Every structure is written in C-alpha cells, then in structure tokens.
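A, B, C, D and E label the chains in the order they appear, each numbered from 1.
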Amino acid sequence: MATTTVAGRRKAQTLPGERSLVASPSTWFVWAGMAVFLVFLAGIIVAVVVDSFGKQWFEGWLPAAWSTSWYSSAWERFELGEVIGVTVGVALAVVVISVLVGVPASYLLARRSFPGKKAVTALFLLPILMPPITYGIPLATVMYAFGLGRTVVAVILVNLVPSIPFVILTMTPFIEQINPSIESAARMCGASIRQVFTRVLAPLLVPGILAAGILVLVRTVGMFELTFLVSGPGSDTLVVSIYRAMTSAGGGEARQLISAMAVMYTVTMLVILVVALRFVNPTQLVARVKDARED
Amino acid sequence: MTTTTAGRARSTASLRHRLAERGIDPLLLLVLPALLFTLALFVYPFAYGIGLTFQPTAATQAQWGGGVLANYVAFFGDPFVRDSIWITMRLAVPAALLNVVLSVPVAMVLRRKFRGKRLMSSLLVLPITLGTVLTAQGLLIFAGRQGWINRFFLTIGLIDEPLKLVNNYLGVMFSLIITGFPFAFLLVSSYLSGIDPSLESAARTLGAGWWQRFRKIVLPLLAPGLATTFILTFVLAFSVFPSARLVGDPGGETRVMALMAYRSFGEQLDYPMASTIALVMGLVELVVVAIVFAWRSLLYKGSTGGKG
Amino acid sequence: MAISATTFESLELRGVGRSFGEQNALSGLDLTVRAGEFIALLGPSGCGKSTALNCLAGLLPLTHGQILLDGRRIDTLPSEKRGFGMVFQNYALFPHLTVEKNIAFGLQMRGVPRPQIAARVKEAIALVKLEQHAKKLPGQLSGGQQQRVAIARAVVLEPSLVLMDEPLSNLDAKLRLDMRTEIRRLHQSLGLTTIYVTHDQEEALSLADRLVVLREGQVQQIGTPDDLYDHPRNWHVADFMGYRNLLPGTVASVSGGVARVDLGGFTLTGVPVGSLTAGAAVRVAVRPDDLVVAVDGQLRDGNDVEATVATVEYHGREFAVSATTAGGRTVHVRSAVAPEVGDRVALTARAQRVLVFPEELTNASDDAASSSQASREEVPA
Amino acid sequence: PPSSGNDAAQSPAASGGSDVPDKPSAPVTLNILDVAGNQKLTGGMVDEFVKNHPDIISSVTWETGGAPDVTGVVKPQVDSGNLQVDLVLTGNDGLSAGIEQNLWIPIVDEFGDRLSNMKNYIDPAQKMQDLAGSDGVVVTYYPSGPLLQYNPDVVKDVPSTPQELLDWAKANPGKFGYARPANSGPGRTFLMGLPYMLGDKDPKDPENGWDKTWAYLKELGQYVDNYPTGTGQVITNMADGTWAMIPTTTGWDMNPRITGTEPNTIQAAHFDDFTWVTDAHYAAIPKGQSADKISAILLLLQDILTPEQNAKAYDQGYFYPGPAIEGATLDKAPKETRDAIKQYQRDWFDDLIEEMPKETPLAPAELVKAFDIWDREVGAGKYEAK
Amino acid sequence: MAISATTFESLELRGVGRSFGEQNALSGLDLTVRAGEFIALLGPSGCGKSTALNCLAGLLPLTHGQILLDGRRIDTLPSEKRGFGMVFQNYALFPHLTVEKNIAFGLQMRGVPRPQIAARVKEAIALVKLEQHAKKLPGQLSGGQQQRVAIARAVVLEPSLVLMDEPLSNLDAKLRLDMRTEIRRLHQSLGLTTIYVTHDQEEALSLADRLVVLREGQVQQIGTPDDLYDHPRNWHVADFMGYRNLLPGTVASVSGGVARVDLGGFTLTGVPVGSLTAGAAVRVAVRPDDLVVAVDGQLRDGNDVEATVATVEYHGREFAVSATTAGGRTVHVRSAVAPEVGDRVALTARAQRVLVFPEELTNASDDAASSSQASREEVPA
C-alpha cells in the first residue's frame, strides 16, 4: 500500500477523541453548562475588577470615570501591606505545622489498627463537621487566658484546629496507597523508623502533602470566623480586614473600596495558588496520585 | 519468656510482641501531638460551648421554662428559630445535590484526553480562590437589577423587567454553587479516576450504550464517592453565612441557622442561646451525615478495579 | 438452546494500523481469520498486541486500514454494535455485580427476554463450572474463578468472535495450566473463533491454530505452531520459539545448504535462513535441548563448543545447565546428568537443529526494550 | 505591636478612682477600638491631642469593627484579664452590649470629676449621656432623622407623610426600601421615628405601644422587595437606580454624596411633621485597665470635649452636625470640612434641627426587643413575638 | 573488597508460628538452615509463605517459637538490627531514588563511609549488570531490570541471609527464565544463604538445595529437589511436584509392594506411599509424561486406561493431550504424535511411576482453595 493513499485515508478517518465528541449530544450539553458557569464566573470577576477601578459607577455598562484611588486608599487605611504579610505568614505557618503534626498521625491511622482507633478518627472528624461558632468563643477565651490574644501565634493556633484534622483526613487515603513493602524494604536495609520517615516516606508523600497543603492554605486564607475572634491590629488576616471594612461604621465602606479589597484578596490567593500549582496538578488535589508517583 | 494468655492458644511471644500484634507499640506516639492538640484546642472549648447551652439566661428561662433545658425548649418551641433548620436545609441540600450532580458529567467529560484539558480544569477550580466576599460582591454587581446580565437581556429584548437573581434564595444558591462546585468537581474527578476504564470497555463489548454504561457501571461504582462528596459540600453549604447575608434575603428565604446563631450572639447577646443554635446546627449536620453514611453502607464498596 | 457461536465466513484485516501521535503502535496487519479458528498474537510487552485486539473490538479507532466481516466493513461500527466478546487481561469484572449478574449483563443489554436470560446464564455458569459461586461478588472469588467468569460473560452472548487479552498472565503456574486446558476445551466444544493475546510462547503453541508474532507493531511471521516452531523466519521469532541460545557471529562460509559461523573462539554449522554470504553478521539460534553435553566426545555433525559449567538447575528428570564459552558467551543446555559447576564440557548440536539468521533486525538490546517498556507505562493500556 | 503593659507601674486600677494618678507615670500607648465609624469624627481630635501631649500618650493605634463585635473582641480580653483594647468608641448598641456583659468601668461615677467638660453638652447630647448611664461618655452627637432621600428622576410627588409614603410605595412596588434596622443606622432611625409620626400609644415601648407602627411597617413591607443587612447596600441600590426612595439621616444624606458613592443629583426631603430620634457615640473603657492608661484616657476625653476639638466632628457630614459640646461651631472646623459641608448640606437642615422636637432613642433592651419584633413580624413576615 | 556474605554457622527455626487472631497463618515450622544453603518455600497462595519470610525478617512479630542464629535468639530483634537482606515480590524499590541511590541506601543507613559506599555500590551494580542504568529511576526500568536492582540492593549489604518473596512472579515467561539463571549465578558466586518463596514448582526445583512445602500454614515435607520430585510424602506435595493426574479411588488389593486401585471404571497399579490396606480411600498420582499413549497395544506393567481424547495441545516437539475415561475422569498425557480429538486411546504407565497416597488430607477442593484465597485478598500481603 502506497504511503500517499495511507496518508489520504488517514485524513478521511476519524480519530479517537473526535468521534465521541461529535456523536454525543449529552457532551454538548455538558460543554454548554460549563460555558454558562464560566461566563458567570468571568462576569463576576470582571464586574468586581471593573467596579474596583471605577471612580463612580451608578448606571450604565461601565463606570463613568476610572481611578485607582480605591486601591491606594484601601492599602493605606487598612495597612494592607502588613495584612497581606500576616496572611501569607499565618497561612504558611499553619500549613507547615499542620503537615508536621498531621502527617505522622495520618500515617498511624493509615497503617495501624489499635484500640480506640475509631474514636480517634471520629475525634478528628468533628472539628471539620462542627460549625466554628460552637467552639470559637471559648477557644478565643483560652487564647486570651494564655496571654496570646491578638497575637499572630493565636491566629495560627486557632487555624490549626480545623487544619490538622483536615490534613489527617486527606493524607490518610494517600498514605494507604503507598505500598507498605517499601517501608519494609527500608527497614530491611537497616533504616530506623525515623529514617524511614525522613528518607523514604517524606519524599514519596510530597505530592500528597502539597495537595493537602494547598487545601489547608486556601481554607486558612479564607477562614474568617476563628481568625476574627482572636486577631487584632497587627494580626488581622485579609478576610478579617475586609470584613471589618464591610461592617465597620454601621454602614460599611464604599462598595468600590470593598471591591478593591476583594480583588486584592483574590490576587493574593491566586499568587499563592499559582506558585503552589507549579508543583501539583489541580485534579490530583484530593487523593490518588498513585500513577504519578509510580513512574 | 513464656507467658500464657487466658483462653487463647499458648503463645511464646514476648509481651512486647503481643502488644504490638494488637497495635500497641511506640509508634502510637505519632498520633499524640495531633491528639493532644485536638483535645486542648477543640474538645475543651467545644465542651465548654455545650455546657453553655445548659446555662440559659434568666430571660429565656422566664419566657420558655424548662430549667437547664430552657434553651432547647426555646429553640424548638419558637417557630421563628426552629424554622431556620428547614430554611437551611432547603438551601444546603439542593446546593450540595446540585454540586454533586453537576460535577459528575463535567468530571466525565474532563476525564477524556483533549487539548486544553488542564486549562479547563484549572478554570473550573479557580473559584476556590475567590472567597465569599468577592463572589457576593460580584454577584451583586453582575447579576443585580442593574447588572450586566439584566442589562444584556433587556437590551436584546428578551425580558421587559429585570430578573431578580440576587438578594433572594437564588442569589445564595448561585454563590453556593460557585464556591461549592470546584470542591465537588475535584473530589468527583479523583473518585472517577479510581474506576478502572476497562470496566467501561468491557461493558461496551457486551453491547452497552453510553447511557447504559453510565447507569449500570459507572454510577453504582461512583456512588460511595458521591456520598462522601455530598457530605463535604453539604457541610460547606450548611454553615453558609456571609453569602446568606450578603446576596440572600436574610430576613426571609435565607434566614439560615448560622445567621440565627449570629443574631443571638452578636445582636441579642444571648450566648447560651447562640451556642444552642450552633450545637443544633452541628447535630442536624451529623444527622444528615449519618443518614448519608447509612445509605452508603448499603452500596457496593470496595475495589473499583482502578489504580487506587 | 445450547450456547454456540454465531458464525461468519471470514474476518479480514487489511493493513490495519494504529498510531498514537508519532508512534506506530501497530502497522500493516494483514490477516484473514476463518470461522472457528484459534489465532494467537504473540510478542513481547509493548509490541502492540493489546492495541490490535482493541482495534478489533472497536475500543480504539483505527488510524489505518480496514476490518471486514464477510466483506462488510465493520471498523466504523462502535464496539457495542460489533457483537464480539472480549476477555480482558485483568478480567474487568463488574465488582458490584454478582457472578450471575456479570454474566447476564450482556444479555440484558441486548434486550433478551428475562426467562431466556436466566436459562442461558445458568448454562454458561455450568459451562465454566461455577454453579456454587453464582451469587458471589467477583472480589470473593479466586483468580482462576474470576477468569472463568470473564470467559462465561464473553461466551454467553454467542459472539461471532472472542478476543482474549493475556487472560492467564495473572494466575499461578498450576492454575495457568488448568485454565489453559479449560480454554482449549471451550474453544473446541463451542467452535468459537478466538483471537488470543499472550507473551507466553508455550501458551500460544499449545492453544492456537495459527500464531501471529509481533515486534514493535510489525508482524514478524504468521503461521501454524509447528511452522513457527521449526521454521522461524527471523531470530526474533526464533527467540520467542524457545531458541534460547542466540549467539551473534559472522558467516565464515556457506556451502551445501549449511553455513559455518564464526562465534569468536569457536564455530558452529547451521542451516541458513534466507540468503547469506560469507562475512555477513548473523545470529546463530539453538534450542537448549538441541545442544547436548557430548558424551564420550561423541560429536554431532562436527558441531561442538568447549565451555565451563556456570550454573546447574534441577528440573526434575533433567538439568538445565548454563555454561560459559571461551569467548565469554553464555550458552544454555539441557543435560540428563548433573555436571559440577566449573567442569569443562563439550557441547554439541546437530547442524539441522542450528539456525543461522541474518542480523537484520535493529538492535533489540536491553536498552531498547527497557525504554519502550518505560514509555508504555506512562499511558493506560 | 504596642506593649500590652502589665508591668508594675501600670497595675490594674482598683475600684476607687483614687488610685488613678492625674497623669500617667510614663507616656502610654493606646489601642482604640472603633465600632461606630467614630474614627472619622474623633480621629483628628485624638491626633491633635497626641501631638500636643506626647508626655501623656506616645502613640495610638486604631482598629475598627461592627457594633456586634464589641463582645466578641472585648469579652475574652476582660475575662482573661489580658487587655489589648484600651478604649472603645461605640454607639448605643455596642455600649449596652458591654454593659450587659459587665465589660465597662463606670467612668462617670468614678471619674466624673475629671471630666468637667461634660457639663457643656448641648441639651440633646446631655439626654444621650443620661441614657447611657455611667459606663460611657458621649463624644459626638447628631439628631439623625428620619428623613427621606429620593431620586428626582423617578419620584415626582415627594411624600410628606407616612401615609403618602405608603401610597407611593404601593404605586411603585420594589422602588422603596430600607435596611434591616438591627444592622443599619438609618433603618433603626426610621423604625424609631415612626411611632412619633403615626401617633402611637407609647413610642418608648415597642412591645405594647407600637401597634400602628407595626401595622404600618407590615403593610409597607408588601412593597419592599428585600431588606439588606447594612446601609452600604441601600446606598448602592439608590446609586445604581434599583431603588428610588429610602429613609435617611442628615449624615447618611450628605456623606455618600461627598465621598461619591451616590450621585449628587439625589435629593432629600422631610416629613411635614416628625420628631428627631437622636444618636451619639460614646467612649468606654474595658474593665481591668491599668491606672496609667485610665488617667491618660481621662485626659484625652476631657480634651475632646472642648469646643475647639469637638468641632472637628463636622467632618465630611457623616454625623452632621456632629459636635456634642456647646459652642463647637462650624467655623472652628478645618477648612476642608467647611467647604464640603457648604457644598453638600441641604440649606434646610439647620433650621429643621432647630425647629423639630428631639427624642432619645430606645433604651438598648427595648431596642433589642424592637429588633426582634421587626425580624419576626416585618423581616420574616409571619412570626408573632411571644 | 569484594561483595561476599557474612556467614554464620546455622540458623535455627524452632516451632515458629504466627497467628492472626484466630487464624494460624503459620504453625510449627522447624528448620535448620546451614550457611550457604538455598532453601525454597513452596506452596499455594495463602499457605503462609510470606508470613514465614516476614517472621524471619522481623517485619512480623512471632506468636510462637523462636529463631536462633548460632544459638543466639534473634526473634526479638527489630528487623533493621538482624542484618538480613530481602527482595520483595513487587521489588519495593524506592521510586524517588535512582538505581544507584536505591542500592546505596542500606549502606548509608549503616553509616558506611562515603568512598566505600561508592565502591561497593559500583561493584553491586556490576554484579547485576546494570552499569548503563545506574542513574535511572526505577520507573524507567523494565521488570527484569527492577528485579536486578532489588537483588543488588539486598546483597550489597553482605547480609548473612537473603530472603526473597516470589521475586519472579511478575515477570514475562522468557524473562523469568533469564532471571532464574541470574539468581542461581549470584547465589553460587557469592555463597549467599538464601530463603526463597515461590509457588512455582519448576522454579523451586531448579534453584533450591532444599525445599519446604507448605499447606495452610503447616509444613508438608522438607527435602532435596530429587527427594521431593521422586518421593513426595503426600498427594498435596505430589500435586506440587507435577503429578498432574491425581485420581481419587479405593484400594482393591495390596501385595508385593504394589497396590491395585479401583478408579471407577478402570484400575491402576502403583507404589503405595505409607501403609495402605484394601478399601482405603486413596489418590493415585501420575505425571502426564509418565502416562503415555500406548503404541500397538504395548502396555507397561499391565497398567492401562481406555480414554477418549478431549483436547490436544501442541507444545513444540510433543503434544499435551487430555482425555476422558469411561468413568468421566480427565487425565493428562504427553504424546509424541497428535491424536485426533474424539479418538479412543489406551494410556499406559509403569507401576513404579504411579504413586498411591492415602486420602488423608482434608478435602482441599475448589471451595476451600477459593475461600482461603478470597479471604487473603482482603488483607494486604
């Protein structure tokens, strides 16, 4: 068979992906749904961005005049430079500590059965299921009682309350997927438990830790209730600042100012996330990174 | 060392070995930091919060009676408060369901290989960066009476009156979907990736069309994962607070439990009552979670033949 | 109504090929299958066996060629319309359905009436002897039993063609032997046309009417088992047919239908496959059981090698010996008596049993094999 | 962060005022929590005091929040004896929340003699001080409302009585609205002003004396499409044309136009016959405060209550007029303020403030009851208060 | 410094047992291993082979018995202190480390100085012939190469004992053969004491000095390959030693060192194993290659069966035939010529080649096997 005819026929024929796409109306339905979702999303984001740059925007498609003054005034009024620094610092600290404390615990839950394991698991589930308001105020009192009120330390500590269980719950299935005989192999090579952890498990868990870390990061940056109760000037995170701006003075700040702060919040979050996503694939955020790990 | 354990086959192993066999060994120390932390910073305050619910204010006691249980009597006796359970459920259950149901086909489509897949999935998970404030703000501006959506539809003559998309039930629903969908999508995608694609191939060679493959193979295998996803998105939706307040109708359709708790806490300064509402919130959540888990336990669960 | 194959006259593959991007996983496969035939596709990992099977099943669209069933093109039909049965490498049993329901699945999809389904499922279960396990879930079955469910699920539809993808590779040595006999029995009793993928030479030889040997997506040889066994067309096929000794060398002389090959330190005489001239790079292929330890210097056709015994393995009745020649080559030999490690022995082979192949294949060394394998693992099979 | 200062020299004051020195032993730093938007009004006064008296207060940090945050923020600090907030500036609601939780030092009782300028309150401000009791000190005051704000493009016949307002809302459903009173100054002023206009039995008793008001609000509610939580959203609705008429106050009429969140084309009007429901901001000191800081705060407050300082409360019309002290006239205010006020104030404001009767708002406990009734019967629409 | 085993005098297992709750995965294992020996543990899936190995390695605490190395108890030592090497079934290579670093890992753990590590790793890599792949990650290697890394990683530590858990079970038929030779070579050249787990009879026979056959946690027989091959102690061992025909029957008569067994429709004479009396339930064991198709009615020892050919499989050179006897029994036979399916043939065997075992084992039928396998699959191996 001559090459030319082969090439010709190859064109005429359908390739794997195409056929299924063309054939199924349901697929188009899904694509349409996604398009609507994305339009909504884009609309929301663009609207806020436009609003934050609008001097005044009462009616019409776009603001009558443009300005960046909302950003500068928000930045100065709320000392956002410092606030963003605190936010990033707190988020990183929470991620690091919750990983350090949570991963060993999830290792144990993944690998061992021991008396009371069910109870311990349930205990770790509760802080995620319970609304923070049920324990937030007494928790804040504890913080103040230890003289930690309004310190960055307190903000980190209260954020650890839901974060550690979160790390434990997301990491447990992850560790379960790692072949235990790899650990056995390390021990047969003479590695102590600590060495098994640092030399073998830790590198293997990196994708999972990153995934859990990112989710914790997102949750911490977005956590309002608990942070608010113990933070103060110098330890406010970005959400708390925005909240204070929205609710202060009875009526709250101008809409555009809030928009500007919301945009800065999102940009901060995006920057953090983009940096983190350089290391993980978004669809692998939750679990099962097995195939990636094996090669 | 030879020891005898009562009623069991004689074991010549050392005590250390036998304890280790039951899972008690020094490795248990690994769970200790997390456990201590949770006990100190969660259990203690949580117990305190529960204790608070049994210390009703004098006013509550006078009005509702019931002694130490006055808060609960008040909660369930006052339709204004009690109804918020229903109002919250009416929001959270459909929102969680919608998120789960919508993410299944999307995850299915995005499971295929095609160009731009990664971009697409990144776009879909983007909203987790937005935060509730920006979402609420955006919805108000974009979908409000004067927003671009209404303006567009009015301009092309599709409608005469602006649609009411925010400051009501719908607005909160939008916000819950925008913030909840990415989570549901992420979870469902990962569960889906655990289903061995060769099962679908097998079904194809047995003559099953796409719907039959989905209905008979994928769905039953995905169901336990969907239950977990439902629970997680439900928990997120159930404690909805800022969006109920900002884009909802907080006096009416979206007077959710979190708002009621906040009202007691911040406006009426009745902490015991606020704790009670929050605790009932947690209990209602646990009930729903228990129901879903009970249903889940009826399903097939086990290996889905996949990589996981 | 007994289960029996719905038959056809012939299944024709014309220049069937499939590429993934730049890579040709399979190319130019021409094959005509007669009804009732048992065809085995044989080749190393990553050679395109599964690709060929998936193309036939309709699970992968072709990129080249056509598939015709009795002259009618079927390669554009979706797999659910082709009416073939398939047994997957990992069984692909539906884990949430009982054995019974797994088997009934295909019948339900075809809208067979309920009582008829029950009858046919019962029959299929009896066929694979799983009566006691009908209500179990696949997870509760042993590997061999799962295998049988997969087969029953495929044959209950009375498919015109059954495709099997390494169905035995996950089983125990003993179980593998039993299941092989089972498959043979089913094929013979139902008259199913079968295409069977394997990388196990013995399995292919023992089961198939005809073998197709593949290498890097290219057909190497098609023929009956004894054809391939005795007359491999190139050294790659020979390798798969149990010619474990494949020694590279240079042709010293060709005369009288035999070639004398210089193997660096010693020479061997053998039958050239294809035309060879002196000086050509060749591979000399000898089966371990054709290379025997010379007793009392009793050489065959003057074909002998001096070597030092490196390892001796007991195989029950006979010994597998590996020995190192003067040039550092390792040769594998069978022996009835066990020599000592370190013994110097003379090995000898009949010239007709020695095949000389041109070194025409690209170097399929360790490296190439491993890199193709590594790349394979990145994509789902 | 500034030192919390729990060293020996700054040990907590005992109940008697005698332990508190006239002047702090060393300059202190102050953390001020503003939950009323009061910083706009008093920020300048504090800055000036700090500038002039570095020996008393070395520096000041501000933080802001909403009235409901008072307890969330201050209570854990008071309970644990570890104060991070030294001075709270709050409205009536936050003040009473703190009183309920027993958070405040009774300043007036213990240190009234050091705050002699309190004698110079203008009359309605004095009434606000009386309402607060001993735990807070009025720093700024305004007569508030209720007034009406409207979009002249839409509203052609401006209502001048509640009935006319109702009729207009009926004719233009969805075009009038106000925020949930619990979260909004104008909202609660409207709520508290109605009993006077409608002639209710007891304007100070929402439970038993507000029959006409509740009936009126319920009927009006049929034409209101939703009640936002916060005045901000109300202003946005007004600005973008979603609504055409809202209740307002002097400050809320002026400030959004000055800051540009509302177009200056928006007009204001008043009912023919109404009573001002006044409003004020208070300063309060959390319990457990050190003697040095109390001493510094007292000096600061005394200074704020001088006419020269208090005149800064005119600000950008947010609390128009603002000062609580006799003689704190506009000409004592900074030039920017004078210019803004001149441009944006309605020329009828000053006369109306002179003319119309003024009443203090509801006592906090009554106010909570009113909010509860409003939430149940107006906001949610169907729940009878028990 | 060449890699060589650190030796010991003897390793003694005394009544070693391990139970999981109620279940005895292994019980009463008594075995003394001499230095340099190659021991194979053989048995079906779930019989406790891995359990035994893990107990030795210290990865599982014993519940019964002791392990002594030169008289010193070592069963209480943690595994990292025992100084054994282990090769895992799935290799268990560290996926994040290169081949080199995988092999160096154990040396680093023992604090061997850096230059020395480099030298020994290089030597070990040369030993398994992976010089070109030293810098690759395990995922980039083929199965056979991974296998060799796993072996190198274990032997570089010069362990006194190497434990191998079915190291070849995941490999291709061809590769399996090559790796077997490799392991044999390593064992012989390094003098490593090795304990090797497998379920492949051929593998065990070809590699081991002594075999331990297990069944449901119980030792069935311990002996040299030819011992077991020719003198299995019970039919379970025979089954594993390639006696594929295991026909249940009743003893008709015992006389002159042979027993005549009634097999329902035909009788066979064979050598009784253990004492048997007439009427005893027995299993008659014959290897397929000992049961030949009688040519020209030429019977052996008067031992013959009439049967109908059911399947014929080509094995290259010879044919594997299964035939059905009058009583419906299936027998497996080797034949040099291919009979037609449906032919009636006479099969014959030498009486010394037929073993008669008492049916003393509990019924290890399909059911028992499958349920033990199913339960096994729920726990990680």
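The definition used in the following text is that a contact is a pair of C-beta atoms (placed from the backbone, for glycine too) under 8 Å apart; a residue touches a chain by one contact, two chains touch by 3 or more.
If you're wondering where the values come from, they're calculated on a predicted model, not measured in any experiment.
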| item | value |
| --- | --- |
| Set of chains adjacent to subunit A and to subunit C | B, E |
| Chain-chain pair with the highest tally of contacting C-beta pairs | A-B |
| Inter-chain centre distance, subunit A versus subunit D - centres from mean C-alpha coordinates, in Å | 39 |
| CA centroid of subunit C to CA centroid of subunit D, Å | 89 |
| Averaged-CA centre spacing for the pair subunit C and subunit B, given as whole angstrom | 52 |
| Centre distance in Å when subunit C and subunit E are each reduced to the mean of their C-alpha atoms | 25 |
| Junction residues of subunit B - those touching two or more other chains | 146, 262, 265 |
| Multi-chain contact residues (two or more partners), subunit D | 66, 69, 72, 236, 240-241 |
| Contacts with 2+ other chains: residues of subunit E | 139-140 |
| For the subunit C and subunit E complex, residues of the former touching the latter | 44-45, 132-133, 139-143, 145, 172-174, 177, 180-181, 184-185, 188, 199-203, 205-207, 225-226, 229, 239-242, 244, 310-311, 313-317, 320, 322, 332, 341, 366-367, 369-371, 373-374, 377 |
| Residue ranges of subunit A in contact with subunit D within the complex | 55-59, 137, 140-141, 143-147, 149-151, 228-230, 232-236, 244-256, 258 |
| Complex contact set, residues of subunit C against subunit B | 54, 57-59, 78-86, 88-90, 92-96, 105-106, 109-110, 137, 139, 153-154, 157, 163, 380 |
| Residues of subunit A defined as touching subunit B within the complex | 17, 20-21, 24, 26-27, 29-31, 33-34, 37-38, 40-41, 43-48, 51, 59, 61, 101-102, 104-105, 107-109, 112-115, 117, 120, 123-124, 126-139, 141-142, 157-158, 160-161, 164-165, 168, 173, 177, 193, 218, 221-222, 224-225, 239, 242-243, 246, 255, 258-259, 261-263, 265-266, 269-270, 273, 277, 281-288, 290-291 |
| Sites on subunit A touched by subunit E in the complex | 179-182, 184-192, 195, 199-200, 203-204, 293-295 |
